[in-house]
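After this come two complexes, each holding chain A, first together with chain B and then together with chain C.
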Partner chain A sequence: MLAIDRHAWTNRWRRHHPGEHLLLAGGGLVLALTLPPLTAGPLLCLLMAGATVVGAAVPMRAFLGVMALPTGFMLTSAPFLALSLDLRDGLHLSCSPAGATLALEVTLRSLGALSCLAFLALTTPVAELVPWLRRLGVPAAVVEIALLIYRLIFIFAERALAGQQAQAARQGYSTRPRSLKSLGLLIATLFQRALERARRLEVGLAARGYVGELRVLTPERPLSRRRLAGIGGLLLAVALGSVLLDRGLA
Partner chain B sequence: MNPVILSARGLEYSYPGGIVALSGLDLEVSRGRKLALLGANGCGKTTLLLHLNGTLKPSRGQVLLDGAGAGYGRQALNVWRNTVGLVLQEPDDQLFSATVEQDVSFGPLNQGLPEAVVRARVAESLETLRIAALAERPTHSLSFGQKKRVAIAGVLAMRPEVLILDEPTAGLDPQGVAHLLSALEQLCLAGTTLVFSTHDVDLAYGWADDVAILGQGLVVCQGEALATLADAERLRAAHLRTPTLLALAVALGFGGGPEDPQPPPRTPAALIARLQSAKAAPTARCPRSPHAFKA
Partner chain C sequence: MHIMEGFLPPVHAAVWGLASLPFLVMGARSVARVTREHPRAKLLLASAGAFAFVLSALKIPSVTGSCSHPTGTGLGAILFGPAVMAVLGAIVLLFQALLLAHGGLTTLGANIFSMAIAGPWVAYGVFRLARTLGGPLALGVFLAAALGNLATYLVTSVQLALAFPDPVSGFLGAVTKFGSVFALTQIPLAIIEGLLTVLVVNLLIQFSRDDLDELAFAPGVVR
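Showing the complex of A and B:
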């Protein structure tokens, strides 16, 4: 979570218009869901890895790190997709070539789609992305809450860590039962602190004229036609490439 | 123009549970000056500050804004908060946006200013506090000192006539304090009235024009910094002490007596200069015994 956030704030493309990132990721997602997966999946993974690592200068390790966990899920569940269970005449478990192809297709389609999201998460700061949700029709209250939660996650995580370290320094985690008790106390304290903090935040906001709406400036980011054309071209190339390759395979 | 921009008369306030925080407090804030609210921990400094911008409403007494009683309706509070800006002690209580620029833009946008003006105000406030380079940084990646300055910039961008700061130097390193004070000094020269709470007597002596000493929910005494801080007995009663520099100056004979018309030095550099000139002309003055002053 924190590593993703760090890359999103520091990558080379962070100052690009978030619409460009959304077009690439969203377009990629549509392609992943509509094109033949055997070819589109790997092509999309390549494209997104290239955009993230070569374009936005995010380390390859970070991209692979984000992809690793969901890929692990996919790989462990894929074998079961390949099996089919028949209960009509007793219990029959079988594995057919059609089942195997299906499993492969689902896996590659998912990986293609995941790579699009990994690109978006690693290259787009939350502050840039969330105001766009408002333009896309998400209610202001939901967007405000999302941004507040985003901000508070970091404060909360910091406090939780500090609290836990302080407890550990006083032997709060020396045995298993004591650990459980310490953790419970920590959680209870954090709840209370969160409430107090919310009250003080309200005072701070009111001092600055808060009357029910958290309005802030959105950064000015010019849309680059050149980049938009480039993104369109890349998506088109993936689409054509995957269809042609698919024909070649068939 | 009324020389007293903000004042409190007979403020009384108790927290739920019956803890008395203010018991008939009087205070006057002079326009264009720097007022230090000096008091020990838990003497009601923060409670007083929350009254001065209308966050808390006294159970008895009144806050006067430019000579007129301040109201607590929505409209009145809006006017009040455009005039009096409050910076909380803990910057994380105040910063809510994802980036520095966005957070600073919140206040001016609430004032209904057009976007172009807001952008200019944001840039100006960040410049004043020397944090323009942080504009696009995420708030959660800042150091404590940086957060503190962002919190101040967020209030500054609203251009308040009175800027109230709760413990502005708490938790800052010496250089951070120096940077902050020079930025505040600049504001004061431009006409902003400053009110800050602190328990740092040295800071109050070195920097404030006026000092109000708080104790047990009251302003025990208020006046020019030098006069107020020379009263060692009263300071001790309020769980404070004589400023180090003042004690030294008095012990060295620079305390400003009848034979020495110069006021005591307010900065270490000024004290050193006085010492050096005294050394150059040793007959000009003879230091009094250290026992002349009991700190």
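Showing the complex of A and C:
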């Protein structure tokens, strides 16, 4: 379920400063939304695939796996951009060339932006990104809660999946009403366990002198000017390339 | 349904982010206040957030054959109140984007508005209304969860329709288009989520009264 997280901790670029990854992904997202999507989308996909697979040595399959995740959303939403509905006399569905172009543009823009998200998610651990929320003005208490949530997710997920497996092994999901009941039981148990975990954490922390602030050691990661310049250059190249190609197409 | 990364045009992405901001600021303030007064609330809220994230990974049986996931917005709003839910929901949505590639960073604002703000507030309002009118607890919980779920999808449809109005019939036509495709799958799912939430709340009241009392800092209403 959380294969993305595994790659984020084990890829070749994991020791780079997270700011470098944020610059590449964030810059890419800005380009994806602002440049002509017909050319910027594919170029960004290529750049991000290259950075993730060649640069950070994340397997191609993992990158493609992330790119394929929102296919369901795409398949249910994009066709509706191409179709148009006439309500004036009865219901008429029609397909216009303008609508088809729009659907294509939105799909390419989404894919371009998604590739940036895939790069960021596959190469940068969430635990290193969350402290950046402080710089956006998010209060310390909220950032701390977010970090705690991140650490608890894995414990809870394991528990949830184990519980669901145990229920399934006992025919808990054999009929529809029974699956609803099983799921209700599972969720209520998980909630109880979540509160119990919070209680135990609190006792453990209190024994270690917790007064409302959790401090963790974050390793020093120097920002590399060379890499920052490289990232800037790549983004500029994508921007220029997409504008020039777009002119060429038009 | 999470709007995927890059699907909304830049202006829409920014405006929905701005629309979510006051709710997030309000929620963050109430979280900061609560954690200052009760340091242990931090751990409780974190557990609740992780619980909400894991909920979205459980599959619920769906009528149409496809699998779906409980949104948990109704349950969260009833247990913790909508202000706190906005913050927890925003964190969960951010993590869903970064850990599961559900939703996205540019569409985070829009997704927060539909799932962490509109859904919980509708659920909370419906629940309060049903209780004030003297309806039984189970009915209130069912309506809150089901309507909270539907509100989320309605807002998502409106967001998509505003971004992509129909070339012939404009905004209304687009709402009809997106609304009808979601309605097919969402109305049964909303009913299932309502039933599920009633089951969960009943079990919690039966077996974890003490736990519910612990949430006394949150303006939750199941007590």
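As a working rule, the second predicted complex is superposed on the first by the 215 of 250 C-alpha atoms of A that agree within 3 Å, B and C clash if a C-alpha of one lies under 4 Å from a C-alpha of the other, contacts with A are read in each partner's own complex, and residues count from 1 in each chain.
The working rule: contacts are C-beta pairs under 8 Å (C-beta built on N, C-alpha and C of every residue); 3 or more make two chains touch, one makes a residue touch a chain.
Please read these numbers as outputs of a predicted model, since none were measured by experiment.
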| item | value |
| --- | --- |
| Touched partner set for A:102, first chain B, second chain C, both or neither | second |
| First, second, both or neither for A:197, with chain B first and chain C second | both |
| Which superposed partner A:69 touches (first chain B, second chain C, both, neither) | second |
| A:150 touches, of chain B and chain C: first, second, both or neither? | both |
| Partner chain in contact with A:217 - chain B first, chain C second, else both or neither | first |
| First, second, both or neither for A:127, with chain B first and chain C second | first |
| Partner contacting more residues of chain A (chain B vs chain C) | C |
| Chain B/chain C common contact set on chain A | 5, 126, 148, 150, 155, 197, 201, 205, 210-211 |
| Complex contact set, residues of chain B against chain A | 50, 53, 55, 74, 78, 81-82, 85-86, 88, 90, 92-99, 101-103, 105-107, 109-111, 115, 118-119, 122, 136-141, 151, 154-155, 158 |
| Residue numbers on chain C that touch chain A, as the complex places them | 1-7, 9-10, 13, 28-29, 31-32, 35-36, 39-40, 42-51, 53-55, 57-58, 60-61, 70, 75, 87-88, 91-92, 94-95, 97-102, 104-106, 160, 164, 166-169, 172-174, 176-178, 181, 192, 195-196, 199-200, 203-204, 207-208, 211, 214 |
| Residue ranges of chain A in contact with chain B within the complex | 5, 9, 15, 125-127, 130, 147-148, 150-151, 154-155, 197, 200-201, 203-211, 214-219 |
| Complex contacts: residues of chain A adjacent to chain C | 1-2, 4-5, 25, 29, 32-34, 66, 69-70, 73-74, 76-77, 80-81, 83-88, 94, 96, 98-99, 102, 106, 109-114, 116-118, 120-121, 126, 129, 138-139, 141-142, 144-146, 148-150, 152-153, 155-157, 159-160, 164, 173, 176, 179-181, 183-188, 190-192, 194-195, 197-198, 201-202, 205, 210-212 |
